[in-house]
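Next come two complexes built around chain A: one with chain B, the other with chain C.
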Partner chain A sequence: MAVNPRQAEHAITKEAQASSAIDHSRIGLSVAETAAIDRSSRGPVLLCFFLSIIWLLVGTVFGDISSFKFDRPDLLTSQPYFTFGRLRPAHLNVMVYGWASTAMFGVSLWLMPRLCRVQLKIPAVAMAGIVLWTIGVAVGVWLLLDGVSDGLEWLEFDHRSADPLMAAGAALVGASVWKTLLNRQVSHLYVSIWYVASSYPWFLIIFTAGNLPVYQGVESAAVNWFFAHNALGLWLTTINLGLIYYLMPKIIGRPVYSYWLSLIGFWGLALFYALNGMHHLIGGPIPSWMIATSITASIMMIIPVVAVGINQHMTIVGRFGAMRYSPALTLLVLAAMSYTAVSLQGILTALVSVNRITHFTHWTIAHSHLGLYMFVTLSLFGGIYYILPRLLGREWPSRNLIRAHILLVGFGMVLYVVALGIGGVLQGLHLLDANSSFEASVNATKPWLLMRSVSAIIITLGHVLFAVHIAWLWLLRDKTGPEQSPFFYVRPILVKSPTKVPGR
Partner chain B sequence: MTRVYILLMGALATVIFALMVLVILPKSMLSGVQPPAELKPLTAQELRGRQVYIENGCIYCHTQQVRDTNFTQDVAKGMGNRPSVPADYVYDQPHLLGTMRTGPDLFNVGSRLPDKKWHLLHLYQPRSLVPWSIMPAFPFLFEHKDTPAPDDVVIETGQAEAGAIIATEDAKALVAYLLALKHDYAMPNIQKEAADE
Partner chain C sequence: MSDAHLKNSHQQPVQNEISELALHDKEMREIAEPYEAPTTGPKWFYLFMVISLAIGSFYLGRHMGKLDASIHIGFFEKNKPADTSAVTAAQSPASGASLFTSKCASCHQADGKGLPGAFPPLAESEFVLGNPERLISIVLKGLTGPLEVEGQSFNGTMPAWEDQMSDQELVAVINHIRNKLGNNQASEIQLQDVQKVREQTASRTQPWQADELEVAYP
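Right after this comes the complex of A and B.
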């Protein structure tokens, strides 16, 4: 390790560290030490981000064509691999497993060494895991377009080829994450560690349980939604909450508001989220006690959601102005707000009185995009904006591209969610009205589906700009870079000195 | 928290608890469900049709379930004569309950639309029969032949063109499967007793 001029100082702070259960920010890391830690995870993290951006673009194309097919049903019908029923699951799987999960591997591998104050352990194993995972996803998508599907939403990938590769890949990345955790040089486990480290065993358990081909009849439906909901709750949500919990306080230079709210948020989520899945089958042919359990657990989710919401709001309140100086913070704040919004919307949708209207409609698609895009994807964009310049040692070349990207994807997705939300409710009201024809339910959605296609084009443009910007940053040879730029080293200029934080 | 094993044990405990409640317990409870006498296992051709249904993602727009009459209009809207129950799905692997009604429910499509020719033409070009439909056309399930063989199923597209459009085995199998989707028998007994309790 590099010579650390602050070594002595750190030795003294061991005690501070032991008593740092609440104020994690008392552990100071020198710039040199941080740089050494970042260097240890550089290779795997860069690989993850590179692959995830490619998947993002691929998934965007699949999503766009799927959307356009609602407006022009005779578009691209001659080939089986272009049919809606193959492109739509390809879009979902590429976005969930290709884009989000691969980027989340990168985020985990970058976060864990920083939080454990140790260099990334077994990076080669992590690297192998990423490669296996990517091959698994590629094989899965290829087979899906070729007509090989397990037939279960979120679990379409072939359980003989793609799924074992992906499980092995996630296990290897998880091994690196856990080995780093077990070698930690800090006493207290920061809240982000709870989320990120737990996500790996959770994902492996639910992914394995979901893919076992041993379920018959309606059990198959129960297991399907047990997995699909937990893929969101115990995987996509948790890693991104971990990222937000780390970066948000870091960027504004202020500790997380309440340790106890963090605890309630984490354990509440672990306990209640895992039981939510059956609310996708309300009114359906499974034993009613299972649905009742999931509705109850869905309502209980208000506890962890509000706890996390208050905790993150109180952390940033009064410092929203810093968003002007940090695109990462802007995106992470939007993501955190969307987490609260999508969770409250989810609780609402799990109530029978609402579900009888919204079930089987485009409302569900709007809801899932609020979660997977406004929360998960914006959070990952924020993470990439923060992490990538630090790993490459140079600043983002263009502020305008960043602004354009955030504005396009932000407004595009708001339009998407609002349009499909309205279209979904109108559709649902027709489906619920015994005197209304099915034709009316289809016609009611058409203008809103067209608006969704417009938003898809806007979002696509945002993704292209983002990819162009990353390529530009990547290819930039000028290593010195404009260091004074506010995006790289965010000076917490709006923030008072940490020693003057009230109440400390 | 300062102890990794508390984190690990706690995380495993919550997910395994959920696994027991929502996967393992139902599996043992539902394993005893008997198929109703009227429900026949699918034939080889119908099973192939079910596979075509899965391959081409019909599930993303069509459900196969009739929900509780207490808070939905599914029965009133003619999707079936009663809500569907676990016994109706005993032979299904994987399930095809679906989550979207972009298109109509198919749980009883075999009794509602029993015409094989209608289905074939509808698959070839939905808008030739239902002008407002946004269902994709599936021309790749059909072949163009200059002179159809005597046993070929010719589709009456109504277009004046040379030769004929004939259904592939996949198209015929898919239609056979759709016609087999008939659950118009009375509610199976075991389920009825449970519902009456």
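Right after this comes the complex of A and C.
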């Protein structure tokens, strides 16, 4: 175990850690204080969630059309901005930067004050950051559809106009997060703080490094995948792990299973994930040592992944029943399981023998959706289900809409991942077979691509229901009042409520 | 939240104007903040960690190679030994067949019969089967202008190959032309022959004309 520099003065033994962690939970958070903390972050968080839901719907439309084009190649080809080469990157960028990142700003701005036991610092700066970021994303998407692209996956946004705005936006939100952290009222840092706080400097480093227009040829490809993989590993993953680490034990009222496993999970991720990107270039003209290092780091990811997996499983085990009452918990547990699943799949895919088949096939698309949807998006859905009622002071109006949403997006995405996974392997085997024509590899994927389009429709329906539900919750504002029994709130996270509330 | 209830309760709102009832609501919906238990977790995990690190180090040591720019072809050699050897043989610098395919066949055609009116044939051609030094000098310097081969007339230009191919490659491709195309059957040339002609014609910068060749290499 690494030696903590503060060990000399504090002598962090197991017992000291125990009392420190337990003290931490006792550090006064009266209900009034919690309310004040939530109020301090209310504006920026609500803005983030509002914007992210809009991006979610926009990105869904882009993704759907891109998917349908595989089944009907002549669909919407009359206008250049409807072509696959523009819609598909628009879908990716809207989902990563518009939907997930904006919602993650909201999650981190809500989490940090609560974890630090202090009101959100410089919320106006955070607000400005969110606005800048959103303008950046909007400009980037507009230019993408207009045909202006940097031409590198995950970095398509124009590096002259969109990227500087986005970097500035993330820096401002990060400033607010870090200012809050520096003013914290706790001495012990809860595991979620590590993840959320470190995400901001990490993201700014990789985003700036990835977008510098100075790379040529092979180094450009290497930097491209350094960024793309770390955007997942050091940004999308970290904030959502922080969210799961906070909400899962909070909802079931249990401590996180092991502090030490949290440590290994965090530092293992920080050490190994950053080296993973080059496994996207196996077979490419990259120096052997870069590929080998990257594959080794990918295999080593099994350490933090298993650590986090054990930690979260042991936290929830025996309380899975609570999922029936809490949509947030249901989604977060699914997301945590998907994190383990997608990481193990990623390790498998990084192995040369598997990569030979799956590289350049739809398998990769299935894998990235398992990560970005089943893990990141479901976790953010869970966070929104938990956070929004607390900020708006009223409960989700319809249990059935929540149920429908979870079932649609859950099963839709399982169908998506399974279909594209199978289609991808078939495609890869055809591509490897010298006696098989290229056309055969395309024909082999056709039924699976059709299935993907079906799942896209199912997921879209889920997103529409979610947006409708949020709008309903929003518009309820003036309708809640004294006539409603306050004890509706007794089990605020109920999906299966024992009593039906009149008027709902 | 509920003013009526507040009035009945005979209590003033506590700090921050939050009524007792609202506080009650908050209390009901929030469970205490989570913390981490100081458990170390299962022992097998730490063993698993050590084993993983050992496997990782072994893999890295075995596949990393040197810290230089060499690409990682080595990854694939183990999987496809037959294919790689075939590729190596085909791409060997001294393979006359592959040199012919890549450098000659696009004009003289794969069967060496040329195209009537455009490119002269190599199969059964007197230029190929005759004086070997004449053939070497044509390949080295190129050939231009009117030309008669096997009763057909041509008027084109063949480029010079002296800077494109090494002496060994020239030997290989010329022997291939003289012995493998059509019914060609002629003596093998040696490395010295090519070197000799290269020296003899070192000062020449122009491609040959057919009549010049008659004089220089009868």
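To be clear about the criterion, the second predicted complex is superposed on the first by the 450 of 504 C-alpha atoms of A that agree within 3 Å, B and C clash if a C-alpha of one lies under 4 Å from a C-alpha of the other, contacts with A are read in each partner's own complex, and residues count from 1 in each chain.
Operating definition for what follows: a residue touches a chain if its C-beta (ideal position, glycine included) is under 8 Å from a C-beta of that chain, and two chains touch if they have at least 3 such contacts.
This one's a predicted model, so the numbers in the text were calculated from it and none came from an experiment.
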*asked:* With both complexes overlaid on chain A, does A:G147 touch chain B (first), chain C (second), both or neither?
replied: first
*Once the shared chain is lined up, is A:L181 touching chain B (first), chain C (second), both, or neither of them?*
first
*Determine, under the contact definition given at the top, whether A:R324 touches first (chain B), second (chain C), both, or neither.*
neither
_Looking at A:L261, would you say it contacts chain B, chain C, both, or neither? Reply first, second, both or neither._
second
*Would you sort A:K446 into first (chain B), second (chain C), both or neither based on which partner it touches?*
first
_Which partner chains sit in contact with A:N224 here, chain B, chain C, both or neither? Use first/second/both/neither._
first
_Contacts of A:R399 with chain B and chain C, given as first, second, both or neither_ = neither
*Considering only the touch criterion stated at the top, classify A:F438 as touching first (chain B), second (chain C), both, or neither.*
first
*State whether chain B or chain C is in contact with more residues of chain A in the superposed arrangement.*
B
*Go through the superposed model and pick first if A:P287 touches only chain B, second if only chain C, both, or neither.*
both
*Would you please give the residues of chain A that touch chain B in one complex and also touch chain C in the other complex?*
21, 282-283, 285-287, 293, 352-353, 356
*Which chain A residues qualify as touching chain C in the complex?*
14-15, 17-18, 21-22, 24-25, 29, 31-32, 34-36, 114, 190-191, 245-246, 249-251, 253-262, 264, 282-283, 285-289, 291-293, 295-296, 299-300, 302-303, 306-307, 310-311, 314, 352-353, 356, 390, 482, 486-487, 489-490, 492-493
_Partner chain A, residues of chain C touching it in the complex_ = 1-5, 14-16, 18, 21-42, 45, 48-49, 52-53, 55-56, 59-60, 63-72, 74-76, 79
*Of all residues in chain A, which touch chain B in the complex?*
21, 69-70, 73-74, 77-80, 83-86, 88-89, 147-153, 181-182, 187-189, 193-194, 197-198, 201-202, 205-206, 209, 213, 215-224, 226, 230, 234, 263, 267, 270-271, 274-275, 277-278, 280-287, 290, 293-294, 352-353, 356, 359-362, 364, 431-434, 438-439, 441-443, 445-446
_Complex contact set, residues of chain B against chain A_ = 1-4, 7-8, 10-12, 14-19, 21-23, 26-27, 29-30, 33, 54-61, 63, 65, 67-68, 71-74, 76-77, 83-86, 88-102, 104, 126-127, 132-140
